[in-house]
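Below are structures written as structure tokens.
Two complexes are shown next, each including subunit A; its partner changes from subunit B in the first to subunit C in the second.
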Partner chain A sequence: MIRSIAHKEFVSTLRDRRFLVLSALVLALLLLATLVGRRSHQALQQERALAQHTVNDQFQNQPARHPHRVAHYGSFAFRPKSGLSLLDAGVDSFTGAVVFLEAHHQNSVNFSQAQESGSLLRFGETTVAFVLQLLVPLLIIFLCFGAFGEEHETGTLKLLLSQGVTLRQVAWGKIRGYGQAVALVVAPALALAATLLFVGAEYAAGPDLLARLLLFVVGYAVYFFLIIVGSVVVSAWQRDSRTALVTLLGFWMLGGVILPKATANLGATLYPAITKAQMDTEVHAEAQKGMNGHDPQDQRSAALKEALLKKYGVDSEEKLPVSVGGLVMRESEEYSSRVYQQHFAALNATYERQNAISTWAGLLNPYQAIRPLSMGLAGSDFAHYVHFQEAAEAYRYGLVQRLNMLQAGMGYGDKERRLGAETWRQLPVFNYQLPTLAWALPHLLLPVLSLLLWAVGLSWLGLRLISKTSIV
Partner chain B sequence: MSQLTLFRLLLTYEWWHFRAARGLVLLTGLLLATGLYGIYYGTTEIERQRQHLATLPELTHHNVAELQQKFPDSADAGEIGYYHTTYAAHHPDAWAALSLGQRDVNPYYVKLRLLGLQAQLYATDNVNPVKSLSGNFDLAFVLVYLLPLLIIALSFNLLSSEREQGLLPLLLAQPVRPALLVGAKLAFRMGVVLGLAWLLSAIGMGWAGVPLDGRVLLWLVFVTAYALFWFGAVLVVTALQRSSAVNAVALVGTWLLLVVLIPGLLNLGVAAARPVPQGLALTIKQREEIHAGWDRPKAQTMNRFFAHYPQWRDTATIRERFVWRWYYAFQHLGDVSVEPLAAAYARGLQQRFVLVEQLNVLSPAINAQTSLNALAGTDLPTHLQFQSSARAYHDSLRAYYYPFLFRQVPFTHADYAREPTHSFTSQPELPTAYRGLGKLLLTVAGTFALGLVLMRRRAISPR
Partner chain C sequence: MNYILEARELRKEYPGRLALRGLNLQIAPGEVFCLLGQNGAGKSTTINLFLGFVAPTSGAAFVNGVEVAAQPLKIKEYLAYIPEQVMLYPHLTGLENLSLFSSLAGFQYKEPELQAYLARAGLSTEAARRRVGTYSKGMRQKVGIAIAVAKHAKVLLLDEPTSGLDPKASNEFSELLRQLSAEGTAVLMATHDIFRAKEVGTRVGIMREGKLVDVRPTAALNAHELEQLYLTYMHD
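The block that comes next holds the complex of A and B.
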């Protein structure tokens, strides 16, 4: 019986001209977003890959230089785009593309697209995720708002029930029918996206990307399911189909427009973050004066020098086999990086507290559950951004310390000498590996839980509500 | 009964009706509350930026104290230029609190040393990208995004609900012209919405402490015209005389199209039509040029530098292995070498903005957002102006330090205080705002004309 109700809903939906027009529109937008997303993804990816290649080349082909000169010459880390960010750009447009890596300083990641766009970008980006998260639910609302109201108004509901079907079965039948109709709209676009991803050589298609894509699809399937169930429940609860429509539209606006912005802003107000200027000053002061005021820089350097003289059993710097300058620099880089790490971790902890409000709001608002899940799977969320920053900093630190050791090995009077061009070719270049799904998943537990709770809760409570409604 | 008395009577009925409809009162109250939150958020955000900006001179002060300790007597100005940091600050206009624009993604200060400018100018502040993605909940957002929704909720069933409840035939049986009926209903809703918008604007202006200049009027006129545009859309939909559900879908669809879809698609189009010359290339090239300075013959570097600054040509020939004036010379030559790229980058961004401004006629929402940002001085052009003022400041810093460097004058403790300082306050982009207003008024007139023509074309049918 459920099947035949589902079939009836599916067929009559397909015959509905309004639905056809709307779904054609949504499908067109999805395809457009996929194709345009691919173009801009490719352009950004190529631009960054080329730039990374250029600077790596430049680094390895330096003339003979002193290692500390090379440490100041530094390098750049360009952030590659993840494959699935084609579908969900997440926070990528608001994060920078490149960070300059040099001795002594941890620089900001610069040149974000948001800074290059003016306020138009703030209206939202037309990505596949945007269509799936906000427009498909709207389509579902238009599809389902009259699920019970219309049957009621035409009196067909009584006829159905007189054949021994329960209200619950009617509801499940409708949910199934609508689900098929929605799948018909979304599936072609996702199939196109998957093909593009796995045909294009630039996306490094592999099991990780496949798993991410699968979860992505499953996540959205659950999301659409719960929106369909929710809309059907509202249509049964608000008998009048007009009231049901207005109620559903109200929920959509509250959940899709007002709450996400309000919670994000609330987080920023509750947990203020420190500015880069202030943070750099504090890092500098602590590195100079020592953490907690203990062992300031000059004392540390003097102690290091003394220990070296003792170790090699000599009485002056000239007689040492190593360059004191290089070792002092190594110690100071080690110390200041540790200070920086603490401040960077504190800053990110603040941001995570800010963002937690939005993520927890996912329990109240399914849109705020699918959004972090989607960008987490796409590799374009905050955690992935921090992963890149940490990788860039780890590379910077490793590179600078290698150079400091090279300098130390040059012995006394290193400043008058240079190392040959072949030295630089042996140093590793920045080669960023995108994190795996296994790394990303633990960050996404709360959104996954929220979505499942919604789906289960709505199916259980909502349908109980439906079976209790009077049919007269 | 005269038409005027009748009109008043109809308004009174609408008022009773509105008071009785709990949902609508609740919705209006909700919009008032979100508006107040928007004002609160905008003002606290700007206040926080002001506080941050106020700490910058302190940071510079600490830095100077540290240098004075490090160099108890006078110092080589080259050392000071290398270790001394100062800031170019972009102070907000008071209006920024009502329309934050891009002030949260574009840094509002730049940390500067005497080194090459282009490596410093594009540094960003700490930003939580998740928050930037969600956007600002300021008064402009409430007015541009949410106010139309209130208008839609209040008026989507302007006549259709009367018809659906079977009241329309009764009403039209009275000696009331249908136009007067629609007029009174619209006028009542306009009164509620505009009253709310003006109240919020007034509270916002008071809270933000804006100066009482022409912009107060400009803001109010703009907000009024924007609300009127949406009432025009309501009039058009009402004139089509469809059911409430169709009206709701049509109006929400219009909202979706103008506030969400067109901006999103336009953004894609503009990015494709005006690709920005790459900032990445600029950064790479500048570093390469500066570091090549170490490897090139000093005389070559100095001669290139003297071509730009002939006044230092007569200074002593460099024979030392390292000397600061040579170092700063090649730092500056690095900037000079990327000047065309930097100019093209800024020009590209500006052109992108101009294209958006030209096309904003496609959506009154984009028009409203760009115009309110222009009025508050919070959009891209203002940021570009700030960057060019930071560039000028860097020039003045170089002009201050060069005599010390080239004449080899020792830098004393008293010289720190004589160093130039920087301050830039956002200026409103009034021409942009006025052009926006002009376009908006035309759109409003067009929409109302269409509504009236449709009304005239087909008499209101009672069923």
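The block that comes next holds the complex of A and C.
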């Protein structure tokens, strides 16, 4: 019975010119967003890979220099795009992509697409995720608003039920039929995206990407399912198709526009974050309490020198086997890095608390559940961004400390000497590995749980409501 | 005697309105019982109660000995229903509509069988292949009749079934009802059409303000007498 009703809904939908026009538009947008996403992804990826290769090359091919000069010469870390970010750019366009790595300073990630692009980007990008999260639900609303209302209005519901079908079976048949119609619109775009992902040489296609893509598809399938169920329930609850349409559009506005904005503002109000200038000032002020490697009069440097003289049993710096300057630099770097890490962790904790309000709102609003799940699976959410920042800082710290130790090993009078060019070729270059799905999943448990709760709760409660709908 | 349809003190009350006041009715297999009455007299409520679409306030309705309120799904195996306006699904053809409704009732017919049912209801092969959205009211009604016939139900519940049919189609419908009645199908038909009731009915019942005020065998009255009887009750 459910199958027969589903088939009827599917065939009727395909023969409905209004649906054909709307779905053709949505499909065209999806395909366009996939192709544009791929082009932009390809261009950015190539640009960043080339830039990373160039700066790595320049770093390793420096002439004979003092190690501390090399530490100040620094390098750059470019954030590679994840494969699935072609479907969901997430926060990538607004977070930076490049960080300058140098001694004493933990620079922020700069040069976001939003900074580099025209003002149009501020209106939002037409990504596949945008179409899937907001426009496909709109298509579903236009498809389902009359699911029960029209049956009531035309009297076909009584004819259906007189055949021995239950209201619950009619509802499930409709949900299945509409689901097939929606799949017909969405599947070609996702198939195209999968093909581009797995045939494009630039994408790191592997089991991790495949698993992310599968979960991405399953996540959206659940999202569309619950929107279909919700629309069918509203159409049964309201009975009048026009009232059902207005109600559903109201829910769409509330869930897609008003609640996300409201929760983001609430997060920022409850957990205000300090500005970058404020943080830099605070880090600088606190770092001053540590050793200053560039100040020969620094008392703490003098104390370290005394300790070294004692350790090596010599009476002057000239007789030390190590460079005091290098070790002072090492101590100074360790201290300033610790200060920075504390501030960085505090700032990130604030951002995470802000984001958590939106993520918890996923329990009230499915759009706010699919959005973090989609970004997380695409590797373009805030957690992935922080992962890159931490990796870049870990590399910077390791490199600078290694250079400080090279300096320390040069002994007294190191400032007058240089290390050969071959030294720099032995230093590791920045080679960022995108985090795996196993790393990402714990961050996505709440959105997954929210979506599942919505799907199960709405099916259970909604279908109970439908089965109690008045027939006459 | 075994009745296929039975109402015992059936009463239905809506907020602020008493739709049916203790209806007692028995219909035997092969009988065509026509319910006459003005709008709001309780004819459609009676049909809805037998279909299980509304719950009785008190009393009980039985179909083939099964209480409707207790087993609303079971009784639908015995029933077929034709509403006043058969709307169907406009994007499906007549054949597809019939196939859908038959499959929901548990009958999987092949196309020639579906064509035969539609032809028996008076719909041409060419029309059967067209989408229902292009049909007239009468053509949709014929598909509705085919749906009811294809279900091989023991009882037909008809709510103003000839409304909108042209005289030729109405006559064909009457003939079909006579055939089904002869095959043992019981019919409960709510109608305003006194002459059609006299023509196809074995008994007529006159309803007024939710009460069955008179029941007569049609054989005992001619059309004029039936009309006079009806008007008498309506003017009292």
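Criterion: the second predicted complex is superposed on the first by the 456 of 472 C-alpha atoms of A that agree within 3 Å, B and C clash if a C-alpha of one lies under 4 Å from a C-alpha of the other, contacts with A are read in each partner's own complex, and residues count from 1 in each chain.
In the analysis below, contacts are C-beta pairs under 8 Å (C-beta built on N, C-alpha and C of every residue); 3 or more make two chains touch, one makes a residue touch a chain.
All values reported here derive from a predicted model rather than from experimental measurement.
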Ask   = Per the overlay, which chain contacts more subunit A residues, subunit B or subunit C?
value = B
Task = Applying the touch criterion given at the start, work out whether A:245 contacts subunit B, subunit C, both or neither, answering first, second, both or neither.
result = first
Inquiry  = Quick check for you: in the superposed arrangement, does A:142 touch first (subunit B), second (subunit C), both or neither?
reply    = first
Message = Touch test for A:16: subunit B only (first), subunit C only (second), both, or neither?
response = second
Message = After the superposition on A, what does A:407 contact: first (subunit B), second (subunit C), both or neither?
response = neither
Request  = Considering only touches as defined above, state whether A:55 meets subunit B (first), subunit C (second), both or neither.
outcome  = first
Message = With both complexes overlaid on chain A, does A:274 touch subunit B (first), subunit C (second), both or neither?
response = first
Request  = Can you check the complex and tell me which residues of subunit B touch subunit A?
outcome  = 34, 37, 41, 44-45, 48, 52, 55-56, 59, 62-63, 66, 87, 101-102, 105-106, 109, 111, 119, 122-137, 141, 145-146, 149, 153, 164, 244-245, 248-249, 252, 256, 259-261, 263-268, 270-272, 276, 278-281, 283-284, 287-288, 291, 294-295, 349, 352-353, 356, 365-366, 369-370, 373, 378-380, 383
Query = Considering the complex alone, what residue numbers of subunit C touch subunit A?
reply = 48, 51, 53-54, 73, 76-77, 79-81, 83, 85-89, 91-92, 96, 100-101, 103-106, 131, 144, 147, 151, 157
Query = For subunit A, which residues count as touching subunit C in their complex?
reply = 1, 4-5, 7-8, 11-12, 15-16, 154-156, 158-166, 471-472
In the complex, subunit A residues that touch subunit B = 29, 32, 36, 39-40, 47-48, 51, 54-55, 58, 63, 65, 69, 72-74, 76, 78, 90-91, 93-98, 100, 107-112, 114-126, 130, 134-135, 138, 142, 241-242, 245-246, 249-250, 253, 257-258, 260-265, 267-269, 272-281, 285, 288, 347, 351, 354-355, 358, 381-382, 385
